[in-house]
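Below you'll find a set of structures to go through.
Paired with chain B in one complex and with chain C in the other, chain A is shared by the two complexes that follow.
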Partner chain A sequence: MNAYYSELFSFHLPEVILTGGALLVLAADLLLGKFSSEPVRRALAALLGMLAMGFAAEALSPYLRGDTSALGQLCLLGLSGLTLLLIAGTSRLRHPAEHVALTLFATVGFSLMVTANNLLLVFLAFELSSITLYILAGFDKSSPASAEAALKYFLYGSVAAAFLLFGFSLLYGLTGEIELAELGAKLSVLPASPLLVIAWIMILAGFGYKAAAAPFHLWAPDAYQGAPAPSAALIAAGSKLAGMLLLVRLFAEIGFSPLGPALQTALALLIAASLLLGNVAALVQSNFRRLLAYSAIGHAGIVLLMIGIAPADPQMAFGDVLYYLLTYGLASVGAFGVAAVLEANDARGQKLSDFAGLWQRSPFLTICLLVFILSLAGVPPLAGFFAKFNAFYDVLGSLDSAALTSSPFFWLVLLAIAMSAVALYYYLQVLKQAFIAPAEETRPLRIALPATTALLFAAAGIVLLGIFPEHFLRLLF
Partner chain B sequence: MNLLPWTIYLSFIGASLAWLAGRRWSAPARWLALLTALGNLGIIGWAALDFSPAAETQTLVDLPWVSFASYHLAADGISMTLVLLTGIAALAGILFSWNITHRTGDFFALFLALIGGVYGVFLSADAFLLFVFYEIAIVPKYFLVAVWGSTNREYGAMKLVLYSFAGSALVMAGLLWAGAAGISFDMNFFAAQTRILSQVQQTGMFALIFTGFAVLAGMVPFHTWAPTGHVAAPTGASMLLAGVVMKLGAYGCLRLALPAFPLGLDFFQPLIAALGIAGILYAGLVALVQTDFKFVIGYSSVSHMGFVLLGLAVATPRALAGAVLQMFSHGIVAGLLFAVVGRMVYERTHTRDLHQLHRLPLFRMLPFAAVVFSLAGIASMGMPGFSGFPAEFSILIGTWQHNALWAVLAAIGIPVAAAYTLRVVHLAFFGKIAAEEISSADHPPLPPTTWPERLGAVLLLAVSITVGIHPGLLLDWIVPALQSPLMQIVSNGAAQ
Partner chain C sequence: MEIGLHHFVTLASLLFVIGLVGVLVRRNTLVIYMCLEMMLSAATLALVAFSRYNNTMDGAIFVFFIITVAAAEVAVGLALIVALFRRRETVMVDELKELKH
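== the complex of A and B ==
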C-alpha cells in the first residue's frame, strides 16, 4: 500500500469502517448463526451494525467543524442507525445479517453521494445506494407485495439511472472533464447551448426519481407499501437526504447562476406537479404507507424549491435541505417505526383503520405518532414547521425583492403554503384513527426495546430540532 | 412582572403532568389542571399589581432564537387585559369541565396546551414567535372537539381546524412576503419599517395577514366555522373557543396587521367596517331564528365580534380601546352563556332544541341556571352595569366620530341582540308547564347544579359586573398602551 492509497484510506475511513462492519456482520452470522436462534442472530447483527455506525461517526468527528458534508454524513449515519434499530426491534424476516449488512452498504453509498467530487464517482455512489435499496425493498421473500415493490422500484430506478448517465455523458462531452470543480469552471465560460439544457433536464429526471418528485414518482406508493418497514424507512429517509444533498452540490459546483430560463421552467414544473399531485392524491388514501408516499411527493416539491436557490447561495441551500430532510427523515422513520410495531404485534398495520384505538393500546406510541405526523404537517413547535418556514423564508429572501411577483418561485411558495393547509386534512385522518377512534382490538402493544429507543430518539430529535433550530444550523456556518 | 412568561411554561408543564396523572386516575388530573389555572391566575394577579401602565411595552424575555426572529416576550396594557381574560376563562373552563370522566387526563392536557399557546400569543413581541404560538393553539382544538364534543363533532372539529389552518396559511404567506421585503419580525421595529414599504406592498401584506387572523375572529364571510365549531365543542372547549380563541384572531389583526401596514388599513377600512357591520346584523338576525340553543349563542358570538372588527377598522384610540374592552367582555360573557347552555342545561336535559326546552319549566327545575343565564343575557345585550356596555358604547362613540352612518347601522345590532336574547331566555327557561306538574313521571327532577358550576358562574358574573361598574380598571391599562408610537401610526394613518 503506497502513501497515496493510505491517504485515501484515511479520508474514506467512515466508509471503510462501514464496509468492514458489514463484512463482519456477515462473517459473524456465518460462524455463529448455526448455534443460535433467530432473535439472537438478529440482535447480534444489529449490534455489530450499530457499532460500525458508531465507529464511523467517531471517524467523522474531526471533520465536523467547518465541513458541511461531514455533517450531512453524520445525519445519514443517524437515520440509517435508526433503521437498524427498527430491524432489531420489529422485523421478523429471515436472514437478519444480510438485512443489516445491506443497510450498511446502502449507507456507504449515501455517504459517498454526499462527498463525491467526480461525475463517475457520483454515478457509482448513486448506483451503489440504489441497487442495495432494490434488494432491501424486496427483502421480504414471503410477500408478493415486497417483490412487486422491488420490481417497480428497480424498473423505474434503472431507467432513471440511464437518464442520469446520459445527462452526465453530455456534460462530459461538452467539457471533457469529470472533476466537478473543473467541470464547473469550464461550463461557466461555455455559451448557452441546448445540449446543456438537455443534460440538466436528464439529470433532473434522475434525481426527480430519487426524490420521488412528480412525474417520476410512480414507484413511490408501491415501494412504500410493499417494502419491509425498515427498508421503506431507509428509502424514505436516508436515500432522499443523500440524493438531495448531492443535487445541491451538483447545482452549486457545476450549476450556473442564475439558472437558465429553460432549466428554471423545468424545475418549476416539477415542483408544481409534485406539490399538487402529492398533496391532492394523499387526501383519498386509506393505506397509511401510501399516504406517507404521497405526502413524500408533496415534500419533494418543497425540497426542490430549496434546490432552486442553490446556484445563488449553495451554503444556505445545503443547510436548508439538510435541516428539512433530516427532520423529514426522522419523522418518516418514526412513522414507519410505529407502523412496524403494529405489524409486529397484529400482523397488520397498513390500513389507516388498523391504527384505531392506538391511544388505548399504547399511549407512548400514540404520542410518538402525534409528534411524527404533526411534524410532517408542519405544526410548531416541531421541527417540520421550522424547516418549512425557514425554507420559504430563504427562497423568498434569495429572490429580487423588487420583482418578487415576476419570479415563478414566489408563486410556488404560495402554492406550497396553500398545499400545507390541504395537507393537514390527511394528516389529521391518521391522528383521528390513532387518537379518537375506539379500538377494535384492545390488546396492549408490546414494543421491543430497540424499537422504543428508535422512536424515542426520533421523537426527541424532532422536538429538540424544532425548539432549538439555530443550534443545529449554526453547526453549518 | 417578570414571572408572566411562566404562565406559558406552567400551562405546558401542567398539561404534561395532567396527561401523566390521567393515565391512571382522573381526579388528580382534574385537580392538577385546576391548580395550574389557579397558579397562572396567581402569576397574572401578581404581575398586575406590579404593572404600571405605560406607552412602551415592557420586555419580559428577549433571547436570540433563530436567524430572523428572537424569543421576545413583552407586555403592555392590551396584552395584560387579554392575559387576564385568558386566566379567568381558563379557570372557569376547568370548573365547567369538572364532570369530564372520559379520558380526563387527555382532556385537561389538551386544554392546558391550548391555553399555553394562547398566553404565548398574547405575550409575544415578535411576529414570528406570535405565529408559532398561534399555530400551537390550533391542533389541540381539533382533538378537544372531536373526542369530547357532541352534535356532528368530527365535522365541526375538522371544519374548525381547517379554517384556522387556512387562515394561518394566509398569515404565513403575509409574514414571508414581509420578511422577503426586508421587514424585521420584531414588533417594536414596525414603526420604523412602514416607511420602506410601498403602498402596493402594504396593501397586499395587510390583506393577507388581516384576513388570515380575521378568519379566527369570525369575520363574515369566514365565520361559518364558529357556530358549527362552538356547537360541536364540549362546554369547556366552547368556552375557550368563544372566550379566548376568537380573541387570538382579533389580537393578531390589532398587533400585526394594523401597526405594520397602516396604508393597508387606509385602503381596506370601508370594507372591514362593512364586514364588521354585516357580521353584527347578519349573525344577529340568524341568531333570532335558530332552534338550537347553542347555535343562538354561536351566532351571537359572531355578532359581538363584529363590534370588535368595526372598532379595529375605525382605529381611533377610543374605538380601539372599546374593541379591546369588547374582546375582554365578550370573552367573559360568551363563556358564561356557553357554560349555562352546554353544561347546566344540555347535560341535564340532553336536548338543546328550544321548542322542546320550552315544554319544560326550566326556570323552576334549574333556578340557578335560569338566573345566571338571564343576567348573562342582559350583559350580552350591552346593558349598563355589565362589561358589554362600556365596550360597545365606546366602539359606537368612536365610530360615530369617524362616520355617523356606520355607527347608526352598527347600533341597530343592539336591539337585535336584545331581541334574540330575550327570545331565547323566554323559550328556554320560561316554559309552558305549570309548577305542579314538574315532579310527574314525564319530567323527573333534574340533578341540581354542582359547586364547580356555581363557582365558575359566580366568578364570571362578578368579573363582568366589576368591569361594567368600573371599566376604568381595564381602560387604565388599555388607553396608555394605545398611546405608544406603534398605535399612534394606526390612528394617524386611518384618520387621513
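== the complex of A and C ==
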C-alpha cells in the first residue's frame, strides 16, 4: 500500500509540488502577513508561487522528450506563471496570498486535465479548474462587475459541468468502463445508438463552454469584462489550453466511431457558428475586453477545426492545438497585461478609447501591444500566423483530396480564412487608438517590474515561436 | 411490473430535463442553484443504476466524488451570491445588467 502511494506521488510530482506550494503560500502569509505591508505580502506570495511553478517545471523536465502531454503541462505552467507576474505587478486587490494560492490550485487542475486517463479524473480536474476560476473571477470584492461576472461564469459553468457529467454517465452505462483506453476499445465495437449520440453531444456542450465556442459562449464577454485582469488572463489562456488538450485526448482515446458523420456535423455547426458570431460581433465592440472575448470565440472555432482531425491523427491534432493555443495564450495574457497596467495607472483601461495616445505615454507598452494584437490577428512573422497556417495546412492535408469539396471541413477552412480578414479590421482598430488617436491623458505610464517581465516574456515568446517554430515543433512531432 | 434499467435512465433523464428547464426559466439565483443540483442528482442516479446493472463499482465510487464536488461548487456559488448581494441588493438574474458594452 505504501509503495503504491509513493509511486503515485512520483507520477504526479508536479501537481504535488504545486499543491504544496499553494499551502506554503497560505501558511507564509498567515505567519508573516501581520508584520508586513500589502505590497510586501503580495511580492512574497508571488515569489513563493513562482518558485513552486519552477520546481514543478523541473520535475517535468525528464519527461519532455517523447511525451507531448508533459510539454502541454509545461506550457500551462508557463502561462500560469505569467499570470502570477501580472498579479504581482498590477493587482491592487486584497488577500494576495489567496489570489496566488488559487492560481496555483487552478494550475493543478489544468495539469491534471492534460494527463487524465480516466473519466473520474477528467471530471475532477475539470471541476477543480472551474471552481477555482469562479472564485478568481469574483476576486475583486469591491467591484459589482466582478461579482456579476463570477456569478454568470458560475451559472454557465455549472450547467456545462452537469451536461458533461450526464454524458459521462451515459458512456459508462454503455460500456461499464471509466478508463479511457478500455472505454474506447469497447465503444469501437458497439453499434451506433441514440444514447451514444446524446452522450457525445452532451460532452461536446461541456467542452464548448470551456472553449467559449458558440452557442455556449454567453459567459465569455461578461467574464472577460468583469473579472480582475490576471483572472481574465488565466481564463482566456490556461483554462482554454487545458480544456482543448483534454478534448483532443478524449477524441483520440475514444474516437468518433461508430458515429462519425453525426458527430462531425455537430462539430461543424459549432465551428461555423463560432467563426461567424465571434468575428462579426467583435466588429461592433467598444470595450477592449469584450473585443478580446468575441475574438476568443472566433479562435475557438479554429481550434475546434483542428480537433475535428483528432480521431484520424491524434498526435498531429495535439501538436497543432498546443502550438495554436500556446501562441494564442501568450498573446491574450499579454493583451490583458497591457490593459491591467493601464488600469493600475488610471483606474480605467476597459474602453478602446482608454488606449488613445498610448504611444506617447509608453512606447514599450505600445510595442508589446502591437506584438500581441498582430499575433492574434495572424500577421507574419509572428507566431499567430504560423499557428493558423499550420492549422489550415494540417486540416486540409487530412482531408481526402479526391472529394475535397464534399467535406464540410474544407468549406470551414475557407470560412476561417475569410474571417481572418474580417478580424484584421477590429484588431487594427485597437492599434489605431494606441498609435494614431490623440491622447486625452499624457502622463507617462509607470509599469512595475513584474509586469514588465511578464509582458517581455510573452512578447519574446511570440516573436521567437514565430521566427523559429521548428525548435518547438521538433519537441512535438 | 419489473423495474429495469430503462426506468432508471428515464427517470434520470426526466430529472435532468426538469433541472435544465428550471435553470433556463427561473429568475431567482437560489432557485437556479436548486435546479443545478437536480441536474447533478440526475447524473448521480444514472451512474448508480448503471453501476448496479454493469456489475462494476466504478459508477458508485464516481458518485461519492460527485457529491463532494457538488458541495464545493454550491459553497462557492453561495459565496458569490452573498458577494453580489452586498454590492447590488438583488438575487434576481434579470437585474444583473451591469456588464454591457
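We adopt the following convention: the second predicted complex is superposed on the first by the 473 of 477 C-alpha atoms of A that agree within 3 Å, B and C clash if a C-alpha of one lies under 4 Å from a C-alpha of the other, contacts with A are read in each partner's own complex, and residues count from 1 in each chain.
As a working rule, contacts are C-beta pairs under 8 Å (C-beta built on N, C-alpha and C of every residue); 3 or more make two chains touch, one makes a residue touch a chain.
These numbers were taken from a predicted model, which means no experiment stands behind them.
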item	value
Contact breadth on chain A, by residue count: chain C or chain B	C
Partner chain(s) touched by A:Arg290 [first = chain B, second = chain C, both, neither]	second
Touching partner for A:Leu456 - first (chain B), second (chain C), both, neither	neither
Touched partner set for A:Lys141, first chain B, second chain C, both or neither	second
Contacts of A:Leu445 with chain B and chain C, given as first, second, both or neither	neither
Touching partner for A:Phe386 - first (chain B), second (chain C), both, neither	first
Touched partner set for A:Leu151, first chain B, second chain C, both or neither	second
Partner chain(s) touched by A:Leu51 [first = chain B, second = chain C, both, neither]	neither
Intersection of the chain A residues that touch chain B with those that touch chain C	none
Sites on chain B touched by chain A in the complex	23, 64-68, 103, 106, 128, 132-133, 135-136, 138-139, 142-143, 146-147, 154, 158, 161-162, 165-166, 168-169, 172-173, 176-177, 179-182
Contact set on chain A toward chain B in their complex	359, 363, 374, 379-381, 385-386, 389-390, 392-393, 396-397, 399, 401, 404, 413-414, 417-418, 420-421, 424-425, 428, 431-432, 435-436, 469-470, 473
Contacting residues of chain A [partner chain C, same complex]	119-120, 123-124, 127, 131, 134-135, 138, 141, 143-145, 147-152, 154-155, 158-159, 161-162, 165-166, 168-170, 172-173, 176-178, 221-222, 225-226, 285-287, 290
Sites on chain C touched by chain A in the complex	9, 12, 16, 19-20, 23, 29, 32, 36, 39-40, 42-43, 46-47, 49-51, 53-56, 58-59, 61-62, 65-66, 69, 72-73, 76-77, 79-81, 83-84, 87-88, 93, 96, 98-99, 101
